[in-house]
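The first chain written gets the first letter, and so on, giving A, B, C and D; residue counts start at 1 in each chain.
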Amino acid sequence: MELTNKRYNDEEFFREREEVLKTWHTGHEVDLSEAVEYQRGIKTEKRFCTKLGKAIKEKKTLVQPRAGVALVDMHVKLLQYLENEGEADLLPTTIDSYTRLNRYEDAEHGIKESKKHGNSMLNGFPAVNHGVKGCRIVTESVKSPVQVRHGTPDARLLAETAYAGGFTSFEGGGISYNIPYAKNVPLVETIKKWQYVDRLTGYYEEQGISLNREPFGPLTGTLVPPCVSNAVGIIEALLAAEQGVKDITLGYGQCGNLVQDVAAIESLRYMSEKYLKRFGYEGYILSTVLHQWMGGFPQDEAQAFGVICWGSAVAALAKATKVIVKTPHEAMGVPTKEANAAGLRATKQVITMLADQALPQDSVLLGEIDLINRETEQILERTLELGDGDIAIGTVRAFEAGVIDVPFAPSRFNAGKMMPARDHDGAVRFLNVGNLPFDDSIKTFHKKKLDERGKAEGRGVNFQMVVDDIYAISKGRLVGRPHK
Amino acid sequence: MEKKTIVIGVIGADVHAVGNQILYYAFSEAGFNVVNLGVMVSQEEYIEAAIESNAEAIVVSSLYGHGELDCQGLREKCDEAGLEGILLYVGGNIVVGKQPFEDVEKRFKAMGFDRVFGPGTAPETTIDALKEDLLGIKK
Amino acid sequence: MELTNKRYNDEEFFREREEVLKTWHTGHEVDLSEAVEYQRGIKTEKRFCTKLGKAIKEKKTLVQPRAGVALVDMHVKLLQYLENEGEADLLPTTIDSYTRLNRYEDAEHGIKESKKHGNSMLNGFPAVNHGVKGCRIVTESVKSPVQVRHGTPDARLLAETAYAGGFTSFEGGGISYNIPYAKNVPLVETIKKWQYVDRLTGYYEEQGISLNREPFGPLTGTLVPPCVSNAVGIIEALLAAEQGVKDITLGYGQCGNLVQDVAAIESLRYMSEKYLKRFGYEGYILSTVLHQWMGGFPQDEAQAFGVICWGSAVAALAKATKVIVKTPHEAMGVPTKEANAAGLRATKQVITMLADQALPQDSVLLGEIDLINRETEQILERTLELGDGDIAIGTVRAFEAGVIDVPFAPSRFNAGKMMPARDHDGAVRFLNVGNLPFDDSIKTFHKKKLDERGKAEGRGVNFQMVVDDIYAISKGRLVGRPHK
Amino acid sequence: MEKKTIVIGVIGADVHAVGNQILYYAFSEAGFNVVNLGVMVSQEEYIEAAIESNAEAIVVSSLYGHGELDCQGLREKCDEAGLEGILLYVGGNIVVGKQPFEDVEKRFKAMGFDRVFGPGTAPETTIDALKEDLLGIKK
């Protein structure tokens, strides 16, 4: 398969479309020109781009849950509940794991079992199986914009169905929905398939229909250093922009240290603008999203509220455009609608209480921003170099070489040589940089930071620290201190 | 302690890799010979690996909620493959949503699992159970 | 009544003691020398001073609930629950409102009604009625140090009973338990009566029994500017130190703006040290306590968690020695033990997650600290001036003159001429300084800050702003913005 | 609108002053003639004030939890003082703890209160009720 970061050739795109729409029987429901007109009929306040644009202007942080169940009517009720009782500003439709792997037969089985048992046996909404019609019922039943959230390496049919079904935003990307979500799928394949999704989005854009795209920021959600996830987000933004996408939300999963988290969002804003400009893209709108703690949660609901609220505070202080909300059931399983709405209301309270405050821009914060800027730049520059100036090719080679490396990723196309750990203040640093292309000053900085922690804890800097860090939040701490 | 062999992995379409990596680390540290199949493991892969490695237990993880669909028939397939009586454990977030553990346990035991563990079970707990079941060491 | 800030004359003290112990029949249970020996037998880890001292050293923030019910056995169960299920580090015994007014007959009636109904008809634990014996049952049944928390203008018998009953800390002060808690009681009277309490504490101290004293920081809990509550706290610390108190915890009620709240705690630490030194007191230990939001709460429990967790975050980032915890039932009524423990666990999660972080000491924070320092100093200096160098006399005159002025106080000995309101960032400023003795630069600063807000909101700076601010948190915001 | 007189205050040993100050402000703005007794008001003080000011309603606040003990007998005392039929409202956090509002309402109505309001009732709600009961204006 040949890959470059070039706008899809129209002919090739439409040829491929035909194949894509044949992969499941609901594909025939998608009629592109009808879909464009349908989308044109969606009121502006129900569009993602409008609501995000307004939030950027007002420096507001919007709240959005995750939610999806197997059947259309159940799912509609769920979303309405989250909108009314949870005061969600933006709605999701989380897709089930079978659909994510294009196992539509299995999803069909899950739908049947769910009907039989009277409750959802799937961990999400199987949008492709429900087809354009099912999706339209969902998007028409609510007052807020709805986004598809998933984790699908090959999301072409899902995107076709979703856009025609009235969704105005689509999460994911060729890297961020591969490395954390797949084991055996080559990057070159997923980047290509996501260029298709981006091209489809660009096509709508050219018809005057602006659709939002959101790379999945948190990746594995577990001790991902900001520069790694930011680099991935910026690459996916560049790939999307090349296909004509104009409305992009870049994401970041809260790491837990206030200064580092605010710095990460600031750096993400700054560096993504810088790279989009550098490659000549124009007329786009960039927004940011902070994901509340994406790693293991405490089982106790009160403690879970603690984690949720601290994430909300960080989102507000970082002035992220939106925040993705966890629930007090996180550690246990897919939440009930009540638990989901409770997470939303707690989040909203914190967000609106802090709406008028930001973390002061002092030297500590500026130093951290500068560090993340430099790290991200070094990763991106080496990636471009590896691709002889082509970011798509460069990305594939960068992952091969471990120049980009996501911790704890299931994919065998990820090097897995880098190892993160927290420093004494809880910021995520590198215990082992692996092949990340950092200059010596950066490497020394991280080593110093971890040595400090090791000294304070009276133990060596090793994998046990990482294990302790992974459990820490679920045990009530941020830094995994040694057991006494 | 003689080194007992166990097969571990995350079943079905599940990609939750973190717990699996930790279990591998913890079981190995505890003195087991661990065959780690990683994530997205099919029933057939567990069985193949168990036969090949002469394992005495299969430790199935399922986090993403489809555990109940994914685990159906594993015991029967083991029996067919000649792995009668092999120890079967399952743990993680094995069903969709927060459900009373007793009900869940009952359903998975009915499917043929010897032990069923709820969300957030510590590696130490599993290790103790393995030691008891495989080595007869009671804590 | 003659008042000066002078150590009680021993003879006078012991004469007064006899009278005090006669005011309710349980008074005869108090035998001071037996009580001293009893206190000496309390294990060091069960003493307030030890646990606070350790926390100061480790820069940890301890968590403490409020809780009290009418009957001894109920109250023991409640405290044990909070200790085990809530992981409280320090325990309270909140006293009922009748006892606070020395209405022991009414409290007795409440005890009877509670026995009859099988649940607490009092809003706290009537410690005097239960006497030394009842108190000892309580303090002996738990593993953690226990403090009496109340709001009693004349707390002499309560203090006698509490110390003899094994409590190792006693909240309150002549100002802080008068102005917010009484209507008709002259300050000169309560200051004098609290000198008694402090002298009693000092007496134990001289016998080698260190007991902790904690002025009530939040006052009315409603838009109290930091300099006002800090000035009151410092005055009460000086009054206590004069009577020989050596272990003092100074308190502050969260206002809501992160920078202002952290600055307030920092300033409280700095200014109290400064004044205690200036007047030659030595060998004391100062700790700080942050009270989670003390004003009106949202009714929804999830939203209440939001408020609780944000308060916890501020306590941790300010490195307060302890935090007093609210519950998700706050807006509704005295919490169940489950709700109380839930508030504690949420708090603990946030506190321990943030244990390794502090708000960076940057220029914005330093500027706010400096402002509070100057304001507090100007209030204290004018107070001393009014008292011809005597802080006790000065305080009475300062309240008369409105030099110290607590907003929304029920007491007619409070001028009520000052009016606070939030600025555009949510910090509490002065809408009307009343007679607070500020220099022009400070007055101009506050005016500017409120004008900024008025302009941003397109409305005049007036009482409606204050009304909106009072409701704000319970409606999900910090700053009460105009209704659209 | 003719100016109706009402007496307000916080009953018993209760010192919660904030809501009282706001109610005074809101009722006055709404066109009532408000006699505000502030906090820590005894039953006798309400009655005296109502007689003196010729008031048509007594609006009792209780926040601190002893409302049930403090309010017992107020209706009877009003009757004895010649204030038969005077409108009695009560609101705030009138009992100890979070209790089902229906039960609470029943108990206070049995004590002779015309209207009973739960925690956090907005001034507008009370004003609407007063307008309805005193002026016959239904919203």
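A few comments on the model shown:
Throughout what follows, a contact is a pair of C-beta atoms (placed from the backbone, for glycine too) under 8 Å apart; a residue touches a chain by one contact, two chains touch by 3 or more.
If you're wondering where the values come from, they're calculated on a predicted model, not measured in any experiment.
We define each chain's centre as the mean of its Cα atoms; on that basis chain A and chain D are separated by 54 Å.
Between the CA-based centres of chain A and chain B the separation comes to 30 Å, rounded to the whole angstrom. Separating the CA-averaged centres of chain A and chain C is a span of 45 Å. Shared interface positions of chain D, defined as residues touching 2 or more other chains, are absent. Residue positions of chain C touching 2 or more other chains: none. Taken together, the touching pairs link the chains end to end in a line with two free ends. Counting only pairs that meet the touch rule, the chains in contact are A-B, A-C, C-D.
Of all residues in chain B, those touching chain A in their complex are 12-18, 21-22, 25, 38-40, 64-66, 68-69, 93, 95-99, 119-120. The part of chain C that touches chain D in the complex is made up of residues 97-98, 100-101, 103, 106, 109-110, 113, 120-123, 151, 180-184, 220, 222, 295-296, 299, 329, 331-336, 339, 408-410, 463, 467, 470, 474. Every residue of chain C that touches chain A in the complex is listed here, in rising order: 256-259, 298, 300-310, 312-313, 317, 341-350, 352-357, 359-360, 362-365, 424-426, 473, 476-479.
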